[in-house]
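In what comes next, subunit A is part of two complexes: it sits with subunit B in the first one and with subunit C in the second one.
For the complex of A and B:
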């Protein structure tokens, strides 16, 4: 018992902190609560994965952090803090000076995210020019070429003048990443950055992101639907369902001993790994809830094998779900009524 | 489809260039001053030695007058299209990008103008402003910007939803920079095609106004007023009205042939323009 009171080392001040964020989107069927009370802390240099099926609110969460919600989107409650700035209360002009400089974003499909009219080098240079950190043109040009080489674009001087459609998907994504890194942001938001790419290219882009994190100490928030990929790549993972974080914790713990039935189901729905004793993929029965009319109680209960009357009535909150009681607060938490009591588990 | 493989549009372009050249070089090409009265030589038919296109009721050389008339038509056409494009594209981009009440105000105003027949509207404007090339340009642009406004607004609204705009915002670019630097370059083809096709229309409008005596001042040779002058002699000296009339038809037809070829070559999606 005493072990439970081992002091937790003070966590470093987060570079990005989302507190209790709720986002409403206006849809044809009424107002949808796309993000419902999400909290998230990203420490400097940390890689955090946000995992969930499409429509779970993970991309909306990123847009809300950037202050770039689509028309009809509105932050109903909560707070987003980036290195001391209260982003949701900043005037647009000031927000613009932060976007691309302190926090940058890369997208799923680099071809649509690059402007077809301009050469790619010009677009990276433009990202630098916007914030005026390198006012001298020759210096800027030199930095662009360096950056292009650094993100793995061969022959930068020639590629500088290439148009987006002349490059392969992997090269396009490297250009996008170079533009995002142009001003050394503290945080890089990556919205499914490898989903549109071939498997081999995916691995290269992930290697690049890892190198950015390691060498530039850029914190990365990776949004993905691929729990296993995130498990290899991230320090921490937050699993989202129906606009809420249902489980979060150190990546390895979440992957190896998932506590929430949804996370467990998500892992079983992936193809089995070699040596894993499991017949085949098990799809999750049912479909994600209609966020315009979310079910009462736990949002996962209609699809959950463990659902009881309690689940149908009361929404669970995130609770400590450390795999081993007494190992200190690893930060592994899950929102489920059926978590085993860590104390009991330790005794048994 | 490339413009290179199309015969008619290239022919159109060639003819338009000839007209432009003729307009620029009119003082050197014209055998006579356009307003030189020579009563003994009046009403000479096409093919008269010294007057290849004949003379009018005052004995002025029709070739010289048609050459100088090209200056009015082309100048008014180019300036009116440029002004309409500048005003329409700017307002349309702002309305399309920001939406909301800004869009509401501009769009209702544009709808209101669309309700008036172009000729009637421009006639009233010219009646108030009085004749003159600058006034023609103004009067034609009063309503001419609406077409460019509607096109730009629609194109910006659809471009705005593309991810490169979101990416530009994520990099911290301002709305003005995004409209002018990111979106407009990507819709330039649509604007160019519309500008070309509107040019022909505005030249016909200018000729119509000049025909009705509301265009350029009487001492400036314009194709419309030349047709009007020849109207009384249609039976005895048909060439006086026919020569400037054919000049209008040739120019407008060539512009439209070129414009349609441009549309096919740049973006067949624009066929509804």
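For the complex of A and C:
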């Protein structure tokens, strides 16, 4: 029985919704379209991975959601909605009361993201102080120590007074996570949170993020270049290339049956897993396009083995892919002219 | 406790340096052409050779230089800096009476440099390329390149002569009577509750303080701007903003303490200039300080005063640097003394 006309059950209202977002950055070579029409829905308690090579716009996307684009950055079009607020149209004062309270963010390198001048406990407490949810100092202090213990920092009373450089990378990352969680945000944006850490610590931090998601029901947007890591950790994955989402869907489907040639190439470029029948890692030929002058048509066509004249002329849009056609959060979609017709596939 | 020991070590470690400096000064000042005895007796010519020899002997200048040096060093151990044959007073007393004026002036200059330089640097960095930024940087360039005697005369001409807002020379209105306590007139007038004297002392400090502080002000503004620009690009600023910290709070609480480190370094290096490089400013504003004393002593070949003053300059410089290092350790938790 073909499932293609079965209506998908109504998805829960997203806690974070990005609609058709386009971000321009002013660079030396002119205006760069770092994010080009990205749409993203994150349901409450959901973990969404955003995957791509460096420079594909994934970090800029997070900065735009936070309303913290670097100087010269500008949202050219689109909408960001967080639990009903239209973030891009809020005045700075109100936006400030949402940052760190409803939506929080952690960064790649905890040592540079923590201020070297202040003890780490102070930096966690600051996140509570600025939002005034706990106006009494003693109570804030108690909550900071609880939070430090909860994220796995041993002996919090002593570590409260430590400076960032006195802690290990993993402890620094826990401090940053504690500061981000200080006000129980609905959404946590994590920008390559494990890239700067060694492998064993990486696993611990991922465990911690998973616990945050499970126990606090915090939705997490994980930005990473590591497709396999995201496949294990996320419910859904969006693959970005040249500022656009080229494929998205349930994590397992994207990893196990990638539809976009870029996602397929990304997977082949990873070292083979044990027992996997594949010679070695295959790098993707060529380099990502210059976003100041993106190629016409599909942005991936200069590096794509399937490229045809159609790809060089017309940009593909996201279409349903995979055997089960659907809508909303259960759907698997890709932006490629060479997707097999879902109808045909479903019948065959 | 450990800090106190370290500080003591630093102070004691400076002793060999000071000793070497004293000996070098002792030798070099005697190499300046011109004989102090001739200068003391005048160029009149109606002085007999016997009188010259007698004076030379009474000043101890007839002995070999190593004997003179040994006597001077022995005196130093007893806290005796020698005797000024030009001012006919113990050198120590001369230094003690002039040093407060010089330190007071240097502190005023430091105050102006920091109170104007730091905010200007911050505002320039927060809005780089703005009208304020370009104006500030152009003005600071002027501040660095303008010679102090000229700047001093211009300020004096404008504010003392034309506008008559501020006094031009001296430390205090001569009509006022102030009982000396420490020699720092601002402090003395506060201690004795002498408000007219306080007013007068402060107003006398403005023009020479500005003149002396002008260069440092310009340097501070520029260093502050560049280190602030760098600090504002750091991840910790983005993270603070992501926590919900306001823009100005991120600038003042997060960027400023980190950006102050290079500024403190520069100020520490320039403290020596403020204390020891003020001969011109003290001369222009008839400021009765150490700088003017040294200028006079050099012309009179008053060896003892020059030696004592150099020793004092060096000691204050060492002390100022120690203060900077202590401040440094506070600003940068990664360092310790």
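Operating definition for what follows: the second predicted complex is superposed on the first by the 338 of 348 C-alpha atoms of A that agree within 3 Å, B and C clash if a C-alpha of one lies under 4 Å from a C-alpha of the other, contacts with A are read in each partner's own complex, and residues count from 1 in each chain.
Basically, a contact is a pair of C-beta atoms (placed from the backbone, for glycine too) under 8 Å apart; a residue touches a chain by one contact, two chains touch by 3 or more.
What you are looking at is a predicted structure, and each value in this text was computed from that prediction instead of being measured.
Visitor: Putting subunit B and subunit C onto subunit A via the overlay, clash or fit?
Guide: These partners clash in the superposed model.
Visitor: Scan A:165 for contacts with subunit B and subunit C and give back first, second, both or neither.
Guide: Second partner only.
Visitor: Applying the document's definition of touch, where does A:109 land relative to subunit B and subunit C: first, second, both, or neither?
Guide: Once the two structures are laid over each other on A, A:109 reaches both partners.
Visitor: Identify the partner contact of A:99: answer first if only subunit B is touched, second if only subunit C is, both if each is, neither if none is.
Guide: Both subunit B and subunit C are touched by A:99.
Visitor: Go through the superposed model and pick first if A:131 touches only subunit B, second if only subunit C, both, or neither.
Guide: both
Visitor: Let me check the overlay on chain A: which residues of subunit A are in contact with subunit B and also with subunit C?
Guide: Common to the two interfaces on subunit A: residues 66, 68, 96-101, 104-105, 107, 109, 112-117, 126-127, 130-131, 176, 179-180, 182.
Visitor: Please output the residues of subunit A touching subunit C within their complex, sorted ascending.
Guide: Going through subunit A, the ones touching subunit C are 63, 66, 68, 92, 96-101, 104-107, 109, 112-117, 126-127, 130-131, 163, 165, 176, 179-180, 182.
Visitor: Taking the complex as given, what residues does subunit B use to touch subunit A?
Guide: 99, 162-164, 166-174, 177, 181-182, 185-186
Visitor: Residues of subunit C touching subunit A in their complex?
Guide: Result: residues 234-236, 238-247, 249, 254, 257-258, 331-334 of subunit C touch subunit A.
Visitor: Which stretch or stretches of subunit A touch subunit B in the complex?
Guide: 66, 68, 71, 96-101, 104-105, 107, 109, 112-118, 126-127, 130-131, 176, 179-180, 182
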